[in-house]
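Structures incoming, each one as structure tokens.
Both complexes below contain subunit A, partnered by subunit B and then by subunit C.
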Partner chain A sequence: MNTLRLIYVFFRVSVLNETAYRVNFFVQLFQSILELGTALAGLAVIFSYTQSLGGWRPNEMLALVGVYFLVGGIISLVIQPGMAALIDSVRDGTLDFTLTKPEDAQLLVSIQRVAIWSLLDLLMGTGVLITALVLLGKSVGLGEAVQFIGMLLAGAVIVYSFWLILASLSFWFVRVENLLEIFQSMYQAGRWPISLYPGWLRFALTFIVPVAFATTVPAEALTGRLGGPTLLEAIGLAILLFAIARVIWRLGLRRYSGASA
Partner chain B sequence: MTEPAIHLHELCKTYRVPERESGMGAALKSLFHRRMQDIKAVDRLTFDLSPGEIVGFLGPNGAGKTTTLKMLSGLLHPTGGEGTVLGSIPWKRERPFLRQITLVMGQRNQLVWDIPAADSFELNRVIYRLSSTDFRHTLNELTELLDLGPLLKKPVRNLSLGERMKCEIAAALLHRPQVVFLDEPTIGLDVTMQRRIRAFIAEYNRRSGATVLLTSHYMADVAALCKRVIVIHHGRLLFDGDLSALVQQFTAHKTIVVQLEDCHADLHTYGEVINCEDGRFTLRVPKAQTAHVTERLLADLPVIDLLVEDPPIEEVIDQVFTQEAA
Partner chain C sequence: MNALREILALLRLYSQQFKTTFASMVQYRISLFIWMISQILEPLVYLIVWSTVSNSSGGSVGGYTARGFAAYYLVLMLVNQFTYTWIMWEYEYRVRQGLLSFALLKPVHPIHSDISDNLSSKIITLPILMFVAAGLALIFKPTAAFNWWAGLVFIPALILAFLVRFLIEWTLALAAFWTTRVNAINQVYFILMLFLAGQIAPLTLFPNWLQIVADILPFRWMLGFPVELLLGRLSHAQALLGLAAQFAWVIISLVLIRVIWRAGVRVYSAVGA
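For the complex of A and B:
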């Protein structure tokens, strides 16, 4: 209950903070439209040559692009800003203020900054997704909808945990921004179905940098091609990674406070 | 005998830091192999603070003051010894403990830069789970004491350094902590603002009965607020007691200021002449001879006014540290 209130108040402060710079809104708008336009144009080009890409038909691919923007929106809305702020606060020592607060520090760090203009990506992604479903002429059954939302949540948890692990490395190595950059580039691979990639890359995108679970798997759930094993894998991985992230975060904090030194 | 608010026993903190020589070769070598060096930041520190005390915590840069404050506020684990604050072990970082303390660092800020302080206060209200009534009440009181009224609605980035510090302090006290750690709260502020903050700390202590441990480089802060001072150097306790006793213990001299009618008198036979301006002479004499020299001055010369003083506190502190180094 108090957690929800905290999230609300932090969100409110972030909104206030960002509206101080209205120019950012237009920059983000321009960037989002450009990115979405490029993605759609790419699809148009490809499907002018073929009717199916690795078993995905055009409108299913459109749904995947929708998911890609939706999840990308979630990442740049809350995950990326909070983790970037964490790295900064470890370096300049303002993490001290967070640690003297009587509240879970991981929670405070994770919700400390919200880049609200990224809601645009989220909205556009949802729009594309709905368009794709209409074009597919597919009525999404309750089971698929539940699966989709479940997989979207699992994907978000997986990505969040992964980012937290990377950002926690800043407790050991002060400069880790570059790792986050690498993730951003790898995430772009999620724009295409994971099955298109050669085996080694598919493995890497599934288990090393878990992009597959963030985009392909939710899209599969929606287009009714998700098997039971993948579903369980996604949930299992979400729980496992979250637990690992928590452990690494705590080890990092212990290092920060010199408990192990 | 009441339980101490803060209790330290043989508290130690040793940092392991990589040792590195300058130059390209050493930089490359350190990528693979690092020689570590132990630095004793805090070395067997023992003291108690009673509830409601304001104590000045003094020492030159790097003496271990901030390290000690960080251990007491739960940010750092000690490498040895014991410490309790309000009966809790700080570095366990238990929530009931954290709710009762606060840490203000003059060199860092916790307020969100682009929004008004009032909105940042709201964050702290939720984090500390304060009821609206308590929050209003405390905020009104702090607003009145610190004269925050016109500042609360402006974005923090538009405030002056002093205004920002006042807001930082208010943010740190909204939950009415019983123990307040102040690390250089007046650093970089002008004299008027320093005095303002000082008066506030004294008043806050009087009203709330909070225990205050204060570090400052401005001896005026310490002289105005703290009856008792704790001096550390190289992490070790040098002195713990009344500020006046510190002056007694560490100064071998007193200053005598005499105002004479004769501007050209030669006083060097009475003591070391530090300054002379329009017949106003400042002499430094060994403490034991103060009475004797004063007597002679009054007997020998046409004295208009005479004043015996302890040397300024800055000078005393300086002496404490140089004596230690020698």
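For the complex of A and C:
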């Protein structure tokens, strides 16, 4: 309960901060629409030459684009800003202020910064997803809906844990911003079904940089092509990565010596 | 005599700038490597997508087989690396931080140090990328109808492509003089580049009217044209016409730069001035 209250407070502060810069809203709106338009136009070019891409029909690909924007929105809404701020605060020593607060420090650093205009990506992703489902003309059963939400959550946890692990490396190394860039550029590959890629790339996008679980797997759940093993794998990996991230964060904190110590 | 002395001075400037940049690139080799990942991944993804399409529709799409697409995108990867610039981000930073004041005080046009900066970073990145492309070639087995005259014309086409792209993007970077929202402008530019330079698909796969638009605008001449040329997909006439278009765009952008640079410097006032 306390966690939820904290999240609410931090979110509110971010909203108040950001509403001072209202032009940013329109700039972000412009950029998000452009990005979505590009993605859709790209699909249009490809599907003018084929009926299905690696077994995915146009409307199913549309659902995947929706998930891509939805998850990308979550990443740029909380995960990316918080982790970037964590790296900065470890280097500057301002993490001291967070550590002195009587709450779990991992929670505090994770929600410290919210880029609220990224909600636009989240909303657009959802919109595209709903459109895709309507076009697919099939009613999503309760089972599929539960699976989808479960896989979306698992994907978000996996991505969050992965970022926290990378960001925690800043306790040992000074320059790790670049590592975060790797995820950002590999994430683009998640706009296409992971099954298209050759084995080595699929492996890299699943287990080294876990992009597959963030986009392809939830979309598979929604379009009813998710197998039981993948489902269990996603949940297992989410729990495992979260635990590993927690341990590395703890070890890092023990190493952290503050700005003036 | 005077002209000769100026050229010599410029050469000295280039070689000095070259050493400086080279040293800093070696220093930041990890960032350089990480940044190259996206340079490799993007064409690789389109290569895979189009190969899949080609395989599922009878082995050929718009004259490209899966191996044809492999050749197209691997060459595109290298040409893109050769012509790439990051000057838009650089200028936004310079103007915002007031760093441009120092560059303006120097007795030579700031574009010279930018050119040599750009070239020296490529001396490091290009060999690495060629190595990666060779590895990918083993996996995707590209084929193309290579011929000698196209191989020869490719060299000036590549250099002209670099010049057109560098001059156009340098001009675009000057937008930083007027607005702080350069990101939105850059995004529009990159989307045009994606579709009209042949990145999202070879241009011959697009409808006719779009191909005509691509012929008129500069994007094709910065990237797609040299790639198609090397792969032996252009006739003699198309190749000549392409070189002429590249030449025209070099001249147009030189004129643009002169006009916009003068106006921009007049608008610029450093922080604290």
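One rule holds in what follows: the second predicted complex is superposed on the first by the 256 of 261 C-alpha atoms of A that agree within 3 Å, B and C clash if a C-alpha of one lies under 4 Å from a C-alpha of the other, contacts with A are read in each partner's own complex, and residues count from 1 in each chain.
Simple rule for what comes next: a residue touches a chain if its C-beta (ideal position, glycine included) is under 8 Å from a C-beta of that chain, and two chains touch if they have at least 3 such contacts.
Remember, it's a predicted structure, so these values are computed and weren't measured experimentally.
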item: Superposed partners subunit B and subunit C on subunit A - clash or fit; value: fit
item: First, second, both or neither for A:Met1, with subunit B first and subunit C second; value: neither
item: Which of subunit B and subunit C A:Leu142 touches, first, second, both or neither; value: neither
item: Which superposed partner A:Leu196 touches (first subunit B, second subunit C, both, neither); value: second
item: Partner chain in contact with A:Leu34 - subunit B first, subunit C second, else both or neither; value: second
item: Closest Cα approach, subunit C to subunit B, once both complexes are overlaid on chain A (Å); value: 9
item: Subunit A - residues contacting subunit B, complex; value: 2, 5-6, 9-10, 12-13, 16-17, 20-21, 92-94, 96-97, 99-103, 108, 254, 257-259, 261
item: Subunit A-touching residues of subunit C, taken from the complex the two chains share; value: 30-31, 34-35, 37-38, 41-42, 44-45, 48-50, 52-53, 56-57, 61-62, 139, 181, 183-184, 187-188, 191, 194-195, 200-201, 205-206
item: Residues on subunit A engaged by subunit C in the complex (per definition of touch); value: 27, 30-31, 34-35, 38, 41-42, 45-46, 49-50, 52-54, 175, 178-179, 181-182, 185-186, 188-189, 192, 196-198, 201
item: Residues of subunit B defined as touching subunit A within the complex; value: 13-16, 70, 73-77, 79, 91, 93, 95-99, 101-103, 105, 108-110, 112-115, 119-120, 122-123, 126-129, 155
